[in-house]
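Each structure below appears as structure tokens.
The same chain A turns up in both complexes below, where it pairs with chain B and then with chain C.
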Partner chain A sequence: METVSNKIKVTIDNITVEVDPGTTILQAARMIGGDVTPPAMCYYSKLQGSGGKCRTCLVEVAAGSAADPRPMPKLVASCRTGVMDGMVVKNITSEKVPDARAGVVEFLLLNHPLDCPICDQAGECHLQDLGYDHGKAGTRYEFSRRTFKRIDIGPYIQLHMNRCILCYRCTYVADQITDSRSHGVIDRGDHAQISTYITKAIDNDFSGNMIDVCPVGALTDKTFRFKNRVWFTKPVDAHRNCTTPGCCGKATLWLRGDEVFRVTARKDEWGEVQSFDGKTGWICNTCRFESKQTSQWTIEGVTTISRHSVIGLNKYQTLNMPQETVKKVMHGVEPKLLMDIHSVSGVNNPDIHLSEIDRPAHSSDFKK
Partner chain B sequence: MSKKLLLNKAHVEGIRHFDVYRREGGYASIEKALKMQPADIVEEVKKSGLRGRGGAGFPTGMKWSFLAKPEGVPRYLVVNADESEPGTFKDRYLMEFIPHLLIEGMIVASFALGSNNSYIYIRGEYDWVADILEEAIKEAHQNGWLGKNIQGSGFDCNIFVQRGAGAYICGEETALLESLEGKRGNPRIKPPFPAVKGLWGCPTVVNNVETIAAVVPIINEGGDEYAKIGIGRSTGTKLISACGNINKPGVYEIDMTISVEEFIFSDEYCGGIPNGKRLKACIPGGSSVPIVPANLLLTTAKGEKRLMNYESLSDGGFATGTMMGSGGFIVLDEDQCIVKHTYTLARFYRHESCGQCSPCREGTGWMEKILQKIETGKGEMKDIDLLWDIQRRIEGNTICPLGDAAAWPVAAAIRHFRDEFEWHVKNPEKCLTQNYGLANYADPIQVAG
Partner chain C sequence: MKALTNKVKPVNRAPMSFMEKLYLPAIVHGMAITFSHIFKKKPTINYPEKKRPFSPVFRGLQILNRDEEGRENCTACGLCAVACPAEAITMEAAERESGEEHLYKEEKYAAKYEINMLRCIFCGLCEEACPKDAIYLSETFTPADYQRKQFIYNKQDLLIPHPKENPEAYQEALGNRANKTMVN
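Here is the complex of A and B:
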């Protein structure tokens, strides 16, 4: 007999949730939220066909379904595996998953330059977050990394192929959002690279969305490159009356003072572009690159940031203070001025205590 | 002399042409099949116990019965002739010498599956073979065995030959379909399986050349008769392409009852190891199956004689066994260096990885670099453990079996030949000029003889 609701039950890390048939494990896990949700580097719910490639979202299926409770023999990509009624999934409770995931992180970072200090994506980089959460501190790779030259694809976007993790998201954007595809993947294996057709520039009103979907710093906004650090800027939600067909006109402005440093689409807690009235909120290049005056926008208010990356510095909704104090970590020793070199060296020991000098210390304060 | 079903007419003069092939009894299976119900043909193939000859050994009849049959949607048969596994060249031989056998099998299979347009996806390097196939298809058309209303049965069938561009990955069935559709040959994420959503989103069966050719004797002699040949679940005959350090390399059709020892040392088959050398190791099923040392090749861990069939070769799992695979039988004598051999294979898989999913893309390159390091005398002991760790994290975590295929040879080489790797590390200069030799893998036969 048919039940009234055709929802199906799936248990992820001992939490049971009811979802519609056809939902993937990852989507079900996102409904639960928190630690239970596997990380996703290539999956993007708004891009058809994405996912399955990066293998960071691997989970263990301990029971296939209520009808067939056998476990699946291999770890499965949760972003592309549909749930079955009575399925039991193990993510953080699995013994195999953390090891496999650490392996994937190591593989992804193998050829990654780790140039975060000079990368514009730092602070809002999914790979950075993934590395912190699931990676190991060191690498066992001791060979030279693959390198490419930086190239400009179009007037607004720079491709830094060294940083690319080949998630294919940008090629799906080129396929599905822009009207002429001239962007894809050439070559194969570890020398594969995303590229435009021969030297054809990406010239399309919506090409800028590639930057938003890029999980790493491979595709960067040329109007924002090296202008500022994302954690110094203050995001505000804003909208404008955009005349470009297909553009939602709703964006996030990244301000410092009154200056708009960059404009991006509005993103949700998974780092994906938000939907408005059932339509994905892609923005056009006019909004993104050419509307950098606050007078062009109607500002709605400060953007709510719930992601745990550096981007959310001082902007957390709920802030968890660290439990350990310096005193506790130092086994009862009170904290003192770390830079007071005189207490340890004895060289140039001044006659008076440094705290008594009400100006910058001068050589005349020290013994000759 | 074992019974031959596929290659028994291969040496008849002019068998490549329709007239001779027909005179020798060719195309009879189509006459018989067209009078049967398609479901009965599938049933006959099921009864025969035929297993896929491409490498995985999945029962063909079962695969055919999984084919979805929605109304108003075309179905396709695609023959996988992208034979790129190093050491495997059986399909080339078959297509080159008796192309009509494949065409005949395809027409029967197309009728059974209801495919009006069937495809042969052939690797680009087999350029001349593709020409031979196209010639054969033309002849079949001229004689009324292809095209509209075949032999007055009302069944229409066309066969098209599509040349690949020379990528190993396009032998993976979903990558093959992508490539056939004109896209980049990246494997698809399964499910959906091709039997539900294959070529152009329609139900599709992808079969190996030899599998389809084997349908001809199954229909001619009946599934039950076919099942009597062979042993256990390894029914029928299998083409083995033997190469490496043997006296008589080539393609042999065997029934799967003979022992590995007989296959290597008897004059009917490989004819032993040349120059009085001794057997060191063997890869019995194409480069991606685990390599096994001589002692485990000739006898199983239980001490029984190992036979040339699916079950016996995989006896003992990967710990002591290997796999039948595609039948690319590579023999290594005592002069071969396992480290160099593994490095060569790792280089191949690194080159052929499609780069879609991260463990395979990055891991294959990493393994190649470490193996090169060990092979050139710069290796360290920790590298061997590192290799093991890398292959463990690739295996099973990728979209398609190429990741597994890249991991298994490395895993097997370390599992069985670890002391040879360690010898390379300990003797960085010696390993450049000398080989490790046999050590304790000496084959029992030659030692006794």
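Here is the complex of A and C:
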């Protein structure tokens, strides 16, 4: 086994990869990709120290290493367990893992309000995906769910503490990306909650990245709140010359027609913010909340969406829409329209620009 | 040429017999069949005066439901619109403000809700997709009209009558559904 390279071999679900020492099982599984990768709710590869809290990435280690091939007695959290040479890991091939993971999902959903029809995260929610893929349909919990009073944490971000699963990702963002941490987890156990201390509003330039790292709908974009469902908006990759230091300026715009409804950082296949030239592509609040005009952006192309995602439904995969053919075929004669939909319909009224309202729409906004 | 099926019956081109040339016996036979129907049970009904009951699985015009207090159930979650194979449903959501709690059940509601009845195929998938029991297909036909613009149904056209302000109309709109909920 003494070779020139100091790579070590690990076998995950009968697939062997060579990885650097110090890699975790989850990172090794992500190198293989596909179904072999355990889901992760709290681990975020771009945030140091994250992971080890939610237990959804549990895997079975059938053989500890080549030197000591005994299996590990309990399921281990793959995001926090380093690989050893000759380690054999079972994820989807294990009998124990699906059962344990279903239990974890049941625990995560104990206090979750399941208000997906209202929640803006629905459609891109990691907890939804986790529930569908690894959860069971029912719960055995008989008590009333934990609820919190609503706290206003500023004009840009909406906090729904009831939906929070306490993954701590947002506090790591506050610690590692912003220069002053103005929120964190207060209280303990069942009372633990994300909050700004004494309702101090979050006004840091990079605070909006909390929305992107939040795996559930606990932190959502207030300027996009209730504007539309994510699967009715069209994601396009765009960039702008942002002058804020540290902002990469590369973002995904979520369009409805030509209106920019929402701006997010670009996500990779694991739902994490993409890296550009080795640097994580965090975007600043100016890009995210105050650049809602297509003229402020250079649009590169349509974002590739997994075909299993609801977001890719009913959309043209190109930026250029098909041309009208009637006029060409009929020697310049315009088609005679029997009805202009805007003369009857109140939806998508061309005079009402929802993207220009920096708060959720109210009944008064539709009375034009 | 080979026949496509084995049910082909060749045309009888034989010359008519004497009895057939008389015609009258055949006419009498035919009239007997006609008049015998006077004494049989009528398969039709006199439509506008009498109406047949709908089948319990009949899928007619959509109705937007309210709860017992008359608040709208719909939260504009968009599941009906994404389930709709004809893309007939469109909506725009708004946030409920304080003072509007008696109008809308949840903090988000459909400020605009439209069904294009020219597109709707009455498949009932919107009813199946709805997590809030907010839309269902009633036992009413979509009325015919001369103009296309009459077929864009907005929220006021679709909403069920208020159960407290107009209880009779509410019960009528519920139709078979009222019995169903009583069984459950």
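Definition applied: the second predicted complex is superposed on the first by the 306 of 368 C-alpha atoms of A that agree within 3 Å, B and C clash if a C-alpha of one lies under 4 Å from a C-alpha of the other, contacts with A are read in each partner's own complex, and residues count from 1 in each chain.
Operating definition for what follows: a contact is a pair of C-beta atoms (placed from the backbone, for glycine too) under 8 Å apart; a residue touches a chain by one contact, two chains touch by 3 or more.
Note that the structure is predicted; figures quoted are calculated from it, not measured.
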**Message:** So in the superposed three-chain picture, is A:His362 touching just chain B, just chain C, both, or none of them (first/second/both/neither)?
**Reply:** second
**Request:** Considering only touches as defined above, state whether A:Asn228 meets chain B (first), chain C (second), both or neither.
**Result:** second
**Asked** Does the superposition put A:Ala122 against chain B (first), chain C (second), both, or neither?
**Response** second
**Message:** With both complexes superposed on chain A, which partner does A:Arg55 reach: first (chain B), second (chain C), both or neither?
**Reply:** first
**Request:** Figure out whether A:Arg140 sits in contact with chain B (first) or chain C (second), or with both, or with neither.
**Result:** first
**Request:** Would you check which partner chain A:Asn111 touches, where first means chain B only, second means chain C only, and both and neither mean what they say?
**Result:** first
**Prompt:** Touching A:Val97 in the superposition: chain B (first), chain C (second), both, neither?
**Reply:** neither
**Shared contact residues on chain A - chain B and chain C** = none
**Asked** What residues of chain B sit close enough to touch chain A in their complex?
**Response** 167, 169, 184, 189, 350-359, 361-366, 369, 386, 393, 396-399
**Message:** Which stretch or stretches of chain C touch chain A in the complex?
**Reply:** 75-79, 81-82, 87, 90-95, 97, 100, 106-108, 111-114, 131-132, 148-149, 152, 154
**Prompt:** What does chain A use to touch chain C in their complex?
**Reply:** 115-118, 122, 225-229, 231-232, 310, 313-314, 338-339, 341, 343-348, 354, 360-363, 365-366
**Item:** Sites on chain A touched by chain B in the complex
**Value:** 51-55, 58, 73-75, 77, 80, 99-100, 103-104, 106-108, 110-111, 140-141, 143, 165-166, 168, 184-185, 187-192
